[in-house]
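So, here's a batch of structures to check.
The following pair of complexes shares a single chain, chain A, combined with chain B in the former and chain C in the latter.
Up next, the complex of A and B:
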């Protein structure tokens, strides 16, 4: 009986800890990101938000005080492109929900396919990633991306933005299929690939034209229009309420994507743009932000400088292009900060790297409540025992929407279990 | 311009061949003998001396490291770069084929790995078959021919593979192919046991023949079997077994099977569930060459944990970290740093995972893997501590020769870019004269 009560009280304590609390983090080096660092600062968390930031902040009654001397406080990191919740074991088709069949599927929503029980989520947040953009990948218009917080019992609770952008895979001349369906998949001749690509470009323009006609028909009084869910999903894009993430890797595709955006008068965000350095001036002039391709990647072309992927963020920064870091993965999402570290080693100023993990993605995705340590923002905060970008640094505490989350995960559980094997 | 380069190259090679080289004022991380601020003296491609105070030999070429970090060249125990093909996937026992026959010295991955500080790599056959092909150890001597890459004196290897990959052809054959035995982990064990039983009978036939010859009797030699010969070499300890594996059950199976047959598994490769059977691995005496934190890309990698290397090491296993990827190969130093974070290894232990430990696993630790007098002068100069996320490789030496120099790489870029542009222009002109010339060729290229 006694152990049952102990159990119960332990559970109650845990349950209480799981509720948004009033917490005063005291004596940490506060990296506000938006402003200067505070050498020994305090941050008060109340009702899930940052209530106060300063050198001296008084602890309200009943507030939990977390002594953080020697620790570094940062805003939680945002991974700007992931499969989190959509892919559990990449080689097992049954556990992967990234690509739907069909070329034009704007009505698809990634948010409802996010498996909140995925083992990847606690593994990722244990390294300080508190929010992530989840992108679909199939066809030409793949569906709608979502922003999730890496905590919640259901996808609904995790959602920060159920629909943050439309995702478009810009057509390219492709001699090998994007997704291999079998090992004997044949390479198609160049002429045929080019024809296919031209047809897809036409289809894409036609699709937008259809959507515009639908929009006009819908506005006409008593037209007897039957609703079309696919075209209906395009309306926020046409109204410029929803940006379009255009996945375009090489120079030609990026150039064409920029022209397409101009023609269609849509707001765009580029993703995967490995040749963005070649078009940096244009991207700056048009104020098109870039979700960086993986920094830790092989160069695109055989004759590229060996460090071209490492120097891309610095090149974009120098040209004044807005950017954010991303992993395009679920199992590697936890390594997000090291993409930024390599960018620093190859020329990106440190503060810019930090912003590319926090404030810049918040701005690019329109998440005004995130990205810095400032009063009024959501309390997505992390406490580390050193520089966030150093591999050896340990993450000690993670708060998501003001709630301290459990850092245990599948990996720590297996570690403890087998470490203690006799 | 070209003449100047030729003269410069001639002068450089003359200097490299003759006078000693001294790398001064470096933070030297020997890996096996501690760390110090001092110098390393290189003579005839070997480390002659390493210490806080060394004399500069007369006429020596001196490099001032300016306090930067000098460590032994990184050894990657699992790579597939510099190979024209890696899987002879048509049969379950393909021990007759060898990576040595298909080495490609022009693979750009060699240069890129060099620029990440790797100087030695174990180039393995793929994992499509229970018994794969022969493996070879190379040094990343970019610019040399295929023969020039070989690590002379390193023992050759043989690839074995367990689990999902070797059974895939059994349950999900490629289009147009019939299923190939095995289709289960049971079958994988059987294929290996059968092959080694054949190899033993083959060895016996040769022994009987040699005995007869020794006795002066008339004897007909057995027919040579190139498939079984490498297995006999394994039985005789002349060839090292590198076994691709993931799950604890299959790891244990192989250890017991090897003990039954009578050989030692030299390295378990990937070995992502090695932490579950660490004491059995240690008792067998197998090395473990694993990833730092790859997981969830297949079912057998779902229980992979980033603590694997540290856990196995703490339980007495000889552990290394490998890349198995041309990309990861560029940053094995920060992969090693992950073991500081996951499992709390010391800096020296972390560095040993990519230097002396893989060298021991490949039985080349008398030559490479640490900074000690007598060893090959395979050295990497980093601008910061190699376990820092910000560390960049500045210079890489193999056998005392400079194979990568970041400054040289940077200053050569404008000229290289010009040459590239000229080539593209020439192709464009040719295309105009003879349309679709390049494209036809492109489509004809085999996959």
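Up next, the complex of A and C:
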């Protein structure tokens, strides 16, 4: 009986959610992020956007009024690096679609590979993450990253930015193969690994040079140029319209990536940069934003301080480097707020942590419609019963593009199933 | 120009001897026929008691017949005038795979099941080839034997090294025509490693390897009990199955356990107590941290002379951890620390076959505070004691096997030349091809 009621109410909620809504959220503590908090404020959602924000907002006719006294309203969180929709069960090869064969594939649009039915999507949004950057991996130029909203029947519906950046895995000297192909873990001799790395660096520069020649030929009148889809995909990068996400972990790679960006005159965003604290001043001077490596991680080197991953966000903040939090995962994307929470415990100002989950990623990825609670922005909003960074806090309502979404997911289904076991 | 010709001639002579040896099986490589020798007027470092400044060593029938200033020289003796030369007990390598053909199943590092040579039987567990015996696999012509002898080694404990329970070692003389005559003792101990099997297969982790070891020794104890009960009164009892691996385990006088770091040393001492076997630890590079624990346990350690070094193939940009750097810095202090604490230790040459490399490795221990006498003991008497053979090996005393090294001076000086090596009373002339000379 109880479960029947639950089902019915869930269905009703779903049916209501499916309709375009005008919703007035009333009496919540509004964390605008961009401005001061409003202790007891209201937010009006109309046509998928935030229409009004204030202490007193009048409810229009037929608006659904959501009494949110005691709840905290935040902009939805943005995970700046995920495999959402690409990797379902990482140890089952058939469910993992994060890389394609080949070293240079700028034409690959990751958005097309996003599986909108992934179980991880409802799980993730139930914890307040409403948008995510999906990054491809593998090779040197891995493909184009996308931004998705965590609601939609198809990838077309989910897409916020089908192409937000080009993804580049910066070559490093690697003596153990990165992509394990078999059980053998043969170590490559250093000299050979170095040669391979140098060749890859050369290839990378050559590739950009080719793209640049293609660009010139394309501009020349009557050149009789045959279109090349790979090089065509590089044009927005050369025109600085599309930034390049460079995945570079250690100091040497980061340094070389910065030099590369300078040489090629491209806009870059660093990802996975675990040694970013060593180059903080330079990153600040060049205004290169950093997608933080996972905070909840073991130190990179054996002799590093145990808390180096925890203090990295604070170090970058102190140096004035722009940053955003990320999980580099699909199944653990839901833990995004706790990455930020740990950074706060290790020196990052609270407001900065909150911005690193919302406003900063929106700025870094050029998502002007997201990241704060302001009129005119997209209504990606969450209502929580407490502090967003607190583990015990429950997310009560999630709106994606103004539509309240179902918070049921695989975790809650299993929870109910086993709770009701006779 | 003249200097360049000389080594070529030497190499040529060496080759001729080898070819001859191939034809005439009974002529040992570079050796003179066994006879009675009198090494006269040498400085004799007996390895036990004071150094005899001008003494004579009499060798007869492979044994040391007499040592002393007044030793009578027999009429049939081949007299070696050794004025200004030094006589040392022949060196013994405490842990090696000498005499076991390289690349043979016994010396491969990979823990794979024994191949066709010792065909795996259904009842055998993988990575357990405890029944493999070094003494049965010896090859007198194995090339490393001669190389080791040339730098003064006359005996070695040699072990099969594949698997986890790799097999039974043997103490061998580093010369001989037939495998059988080389064996000084056929049961030196069971060589154990903690290698894991990558890419599937049990055990895939250290925990698995140790659990596996525990199980095997429990099985052996059970096997023995069952056998005892059955033998007491077989009537009416189902006979226990014969298991060659467990038989070999039960017959082994000791186990050699891998332990380099302090954690590993403590762990292996606990394991040895648990399985109730006499252990000898090998590796020992961080034993300077565990000297007290080792002294209390009374367990001997075989310290590898291959001191930890930076991997030549390492990426120069990768920072090394303090732990690795400290180990590299302090490992050569292990022998001095153990000597001071009264822990018995022996050296394993760890494959060093170049005299200069060998001397340098020993010198690193000397520079870290080890006395020359203790260094010599770690290469002579101590390995003999560890394997229970100090009644026949390890010192220059009457009655012992005539394994001797005759040098131009101090054994642990680089410029010292090795003049003669005696193995089982047979004289060998080291054919020293140092690295420079060997090059055309």
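Quick note on the criterion: the second predicted complex is superposed on the first by the 407 of 422 C-alpha atoms of A that agree within 3 Å, B and C clash if a C-alpha of one lies under 4 Å from a C-alpha of the other, contacts with A are read in each partner's own complex, and residues count from 1 in each chain.
We take it that contacts are C-beta pairs under 8 Å (C-beta built on N, C-alpha and C of every residue); 3 or more make two chains touch, one makes a residue touch a chain.
Remember, predicted model here, so these are calculated numbers, not experimental data.
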item	value
Combined model on chain A where chain B meets chain C, clash or fit	clash
First, second, both or neither for A:302, with chain B first and chain C second	both
First (chain B), second (chain C), both or neither touched by A:338	first
Touched partner set for A:173, first chain B, second chain C, both or neither	second
Contacts of A:229 with chain B and chain C, given as first, second, both or neither	neither
Chain B versus chain C as contact partner of A:252, first or second or both or neither	second
First (chain B), second (chain C), both or neither touched by A:56	neither
Partner chain in contact with A:101 - chain B first, chain C second, else both or neither	neither
Partner contacting more residues of chain A (chain B vs chain C)	B
Partner chain in contact with A:220 - chain B first, chain C second, else both or neither	neither
First (chain B), second (chain C), both or neither touched by A:346	first
Chain B collision site on chain C, chosen from 134-142, 206-214 or 404-412, when both complexes are overlaid on chain A	206-214
Doubly contacted residues of chain A, that is, touched by chain B and again by chain C	175, 182-184, 187, 189-191, 302-303
List of chain A residues in touch with chain C within their complex	173, 175, 182-185, 187, 189-191, 193-194, 252, 301-303
Complex contact set, residues of chain A against chain B	88-92, 119-120, 175, 182-184, 186-187, 189-191, 296-299, 302-303, 305-307, 330-331, 334-335, 338, 341-342, 344-346, 389-394, 410-411, 414-415, 418-419, 421
Sites on chain C touched by chain A in the complex	198-200, 313-315, 317, 319, 321-323
Complex contacts: residues of chain B adjacent to chain A	108-109, 111-112, 115, 174-176, 275-276, 278-279, 293-299, 301-303, 305-307, 311, 326-327, 330-331, 334, 337-338, 340-343, 387-392, 409, 413, 416, 420, 436, 439, 442-443, 445, 447
